[in-house]
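Down below is the structure, laid out as C-alpha cells.
Chain naming follows the written order as A, B and C, and within any one chain the residues start at number 1.
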C-alpha cells in the first residue's frame, strides 16, 4: 500500500545486526498525520524498524543498514544529513519512562535549551504549554523544581511525552509506551495519543492488539523481519488477507 | 552422626564469629595502639602546637608536624589536579566513544597496570621525571631545582592513580542505562551534550567516590613519593621545591626511632594523623554519597 | 550559528578526550618501557640465583635471591594466614549471620575501613606490636603485618563473589537438611574462580608493598632459615640498591625492578585468565 506523499517512506531496507538478517526488504509508507501501529510477535523486528527511523540504531555496534528511509523526501541515511537536526523531527517514547536526571522543569526545557531557547520567560511558557498538553500541569505545577524521579511511573511517562513534544517534532515514535504502566495511566497516554493525531504523525509499536485497534488508522503486521500485511486498521484486524496475519489476530477476533 | 554435623556447625559458627569480631577489633586496635604509642608526645605538647608548628627539633623534643602535613597535602593536590581531569576525560572516551576493539585492548591494559607496585613507579620517577624537571622544566621557572620536588611527587602519584580512577568511572558509566542516553539523543542533543548534561550528572556520586578513593591512596602512598620528593621538611614556595610528606617522614626515620627519646612517639603520631585524616575523608564521602542518593530517589 | 558552536564544542572535547587517553596510555607504556630497557641487561642468571656476595653493594658479585625468596616466604605466609582468617569472616557475614544483621554490616564496614588504611600505617602498627611483644624485625613480624594488610583485600573481594551466588542455591541445600557449614562448602565451591582471583590480587599487593615490611621484616643478605630471622624483600632490595652511587649496583636495581614487574604482571594476567576460564562453566 502506498501513499502519495507519505511522511516517511522506507525503500528496500535491510538491517543486519551481528550477522543476523533482522529486517528483510522493508518497503513501506507511513502516512502523514495518522497513527500507524507496528504489530507482530516478539522478535519480529518491529522495534528495530522503529529505531531505524530516528537513527538510534546505528549507535550499536555490528549494525549494517542498507536501503533508504525517506522523511519528507530526504534520505535520513544520506551522507550530508545532520543527525541531530533529523532527530529533532522525531520524538521517542520508550517502553519504560526515562526522565533525565534533573528537575521536572529542566526535563521539559532540556530540548529547547539545547536548540537555542535561553530566556526564562520563553522557557516558562513552553514548560507550561507542554505540561498542560499532557495533563500534568495541575499535578506538578507546585513542584516544577522537584526531581523528576519522584513522580509516579505514569506521570514520568507523560513527562517524557511532554519533553519530546517540547522540541516540536513532526513525528512521534512510541516503543510499547504503555507496557510498564498501570491501566489508568495507560488510558491517559492513549487519550493523549488520540489528541496528538491531529497535529503529528505517530508510529506506535505495540503488542496489545486492542490498543492497536483503539488508536491506529493503519496497521503494519511484521513477522520474522518481513512485512506481511499493511492496511487500514479494521481491514487488517478483522478481514486480514494473509494467512499469517489471520493466525496472529485470531486471538483478538475470537 | 547427626550430632557430629551439628557440632561442626556450632563450632564453625563460634570460630567464624570470633574471627569477624577480630576484624572489627583490628580497626579499634590500630587506632588505640597508635594513640597509645603517641601519648608521651601528646602529654609533652599541646595538640595545636604539634599539628601547626613547623619546628622539628627532635633533640630538643620539639615536634611540629606542619611542614609534613603541608607536604602531604601539596603532593596530593598536585596529583589530583593532574589525574582527575585526565582520567575523567579518558574514561568518558573509553566508555562512550572508543571503538569496541580498542576498548578490548585498553581496558585490560589499564587493569594490568593498576597492580604495578609503587616502588616501580618510584624507579621510573627517579629515572625519568626527576631529570626532566631538573633539566627541562624547572629552568623556565626557577633558578635551580634538583628535580626532587613536590611536582615530581605529584606527577608520579598522578600516574599511579590513573588506573584507579578510570576503572571506577568505567564501572559507573556502565551502570547508566543506554535508554537514558537515547532519550537525550532523540531530543536532538549531540553525543557530547548528552554526556555533559545527562551522563555526567548521573555519574556525580561515582565521580565523588572515585575522587575520595584517589585522595586516600595519594595521601597514604609512601615509597613512590619518597623516592622523588626530596625529603626536605619545608613549606614549598613553588612546585619545584622539595617536600616531605608524612608517610615519607615515617619511612625514612624508623631507624632512629629507638635512639632518640620521644622519636618513636612522634612517628607513631604521624601515622595516627594519617589514619585520622583518611578516616575522616572516607566518612565524609560516604555521608555525601548517602545524601546524594536520598535526594535523587 | 548556534549549531556550529555546539559542534565545535563537541569536537574540542572529543579531541581532549583522545589526548587524555593517549597521555595516560602513553605514560603507563613509558613506565614499562623504561623498566624493561634499563633492567633488561642486568637480567643475568646470577641475579636470580645467588645471594649477595661480599662487596655486593659496591659492585661485586652476587644476586638478589635473598630478596626473591624472602618476598615469596612473606607473601605465601601472609596469604595463607590471611585466607585462614578472611574466608571464615566472609562465610560468617554471608551464611551464618542473618541478612543485614547488625554484626555483618559492622564487619563489612570495618573491612572497608581497613581497606582504606595505607600500608605505612600497617607498618607502623606492626612495628608497635613488635615492640610490645618484644619481637625483633623478622620474617614472622613481616608476615603478621602483611597479613593485616591483605585481610581487607581478601574479605572485600571474596564477599563480592560469594554474595553473587544466588540465594536459590543455599535455599536448595537448606531444604535438603544441610547445615550452614555444609552449605558454606557448596558456596565456596561455586565461587572458586572468584576466590582464586582474590588470592592472586592480594598476592600481587603483598609482594610489591614496601612500607609494610620496611620496619617489620628487617633486611639481610641471606635467606632466612627460621621465622625469627630478618629477611630481605624485593621492593626494599630495589630501593636500597637504587640509592647506591655505584652504577653497577643501580643497574642491578633496575634488573630487580624488572623481575618484580614481571612477577606482578604474570599474577595479574593469571587472575584474568582464571576468572574468564571458570566463568564459562558457572551456572
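Side notes on the structure shown:
By our rule, a residue touches a chain if its C-beta (ideal position, glycine included) is under 8 Å from a C-beta of that chain, and two chains touch if they have at least 3 such contacts.
Keep in mind the model is a prediction, meaning the values are calculated, not measured.
Comparing the CA-atom centres of all chains against that of subunit A, the greatest distance is found for C. In this view the innermost chain, defined by its CA centroid being closest to the centroid of all protein CA atoms, is B.
One finds 17 Å separating the Cα centroids of subunit B and subunit C.
Remark: subunit A and subunit C have CA centroids separated by 52 Å (rounded to whole angstrom).
For this pair, subunit A with subunit B, the centres built from the Cα atoms lie 48 Å apart.
Shared interface positions of subunit B, i.e. residues touching 2 or more other chains, are given as 190, 193. Residue positions of subunit C touching 2 or more other chains, listed in rising order: 6.
Across the assembly, subunit A contributes residues 85, 114-115 that each touch 2 or more other chains. For subunit B in complex with subunit A, the residues that touch the partner chain are 100, 177, 179-180, 182-190, 193, 197-198, 201-202, 295-297.
Remark: subunit C residues 6-7, 9-10, 13-14, 16-21, 23-25, 27-28, 30-32, 34-35, 38, 85, 88-89, 91-93, 96, 103-104, 106-107, 110-114, 116-125, 127-129, 131, 148, 151, 155, 179-182, 184, 201, 204-205, 207-211, 214-215, 235, 238-239, 242, 253-254, 257, 260-261, 264-265, 267-269, 272 touch subunit B in the complex.
Interface residues of subunit A facing subunit B in the complex, by the touch rule stated above, are 54, 56, 59, 61, 83-85, 87-88, 90-92, 94, 96, 98, 100-102, 110-111, 114-115, 147, 149, 160, 163-164, 167, 173.
Note for the complex: subunit B touches subunit C at residues 5-6, 8-9, 12-13, 15-17, 19-20, 22-24, 26-27, 29-30, 33-34, 37, 85-90, 92-94, 97-98, 106, 108-113, 115-124, 126-128, 159, 162-163, 166, 190-193, 196, 213, 216-217, 219-223, 227, 247, 250-251, 254, 257, 264, 267-268, 270-271, 274-275, 278-279, 282.
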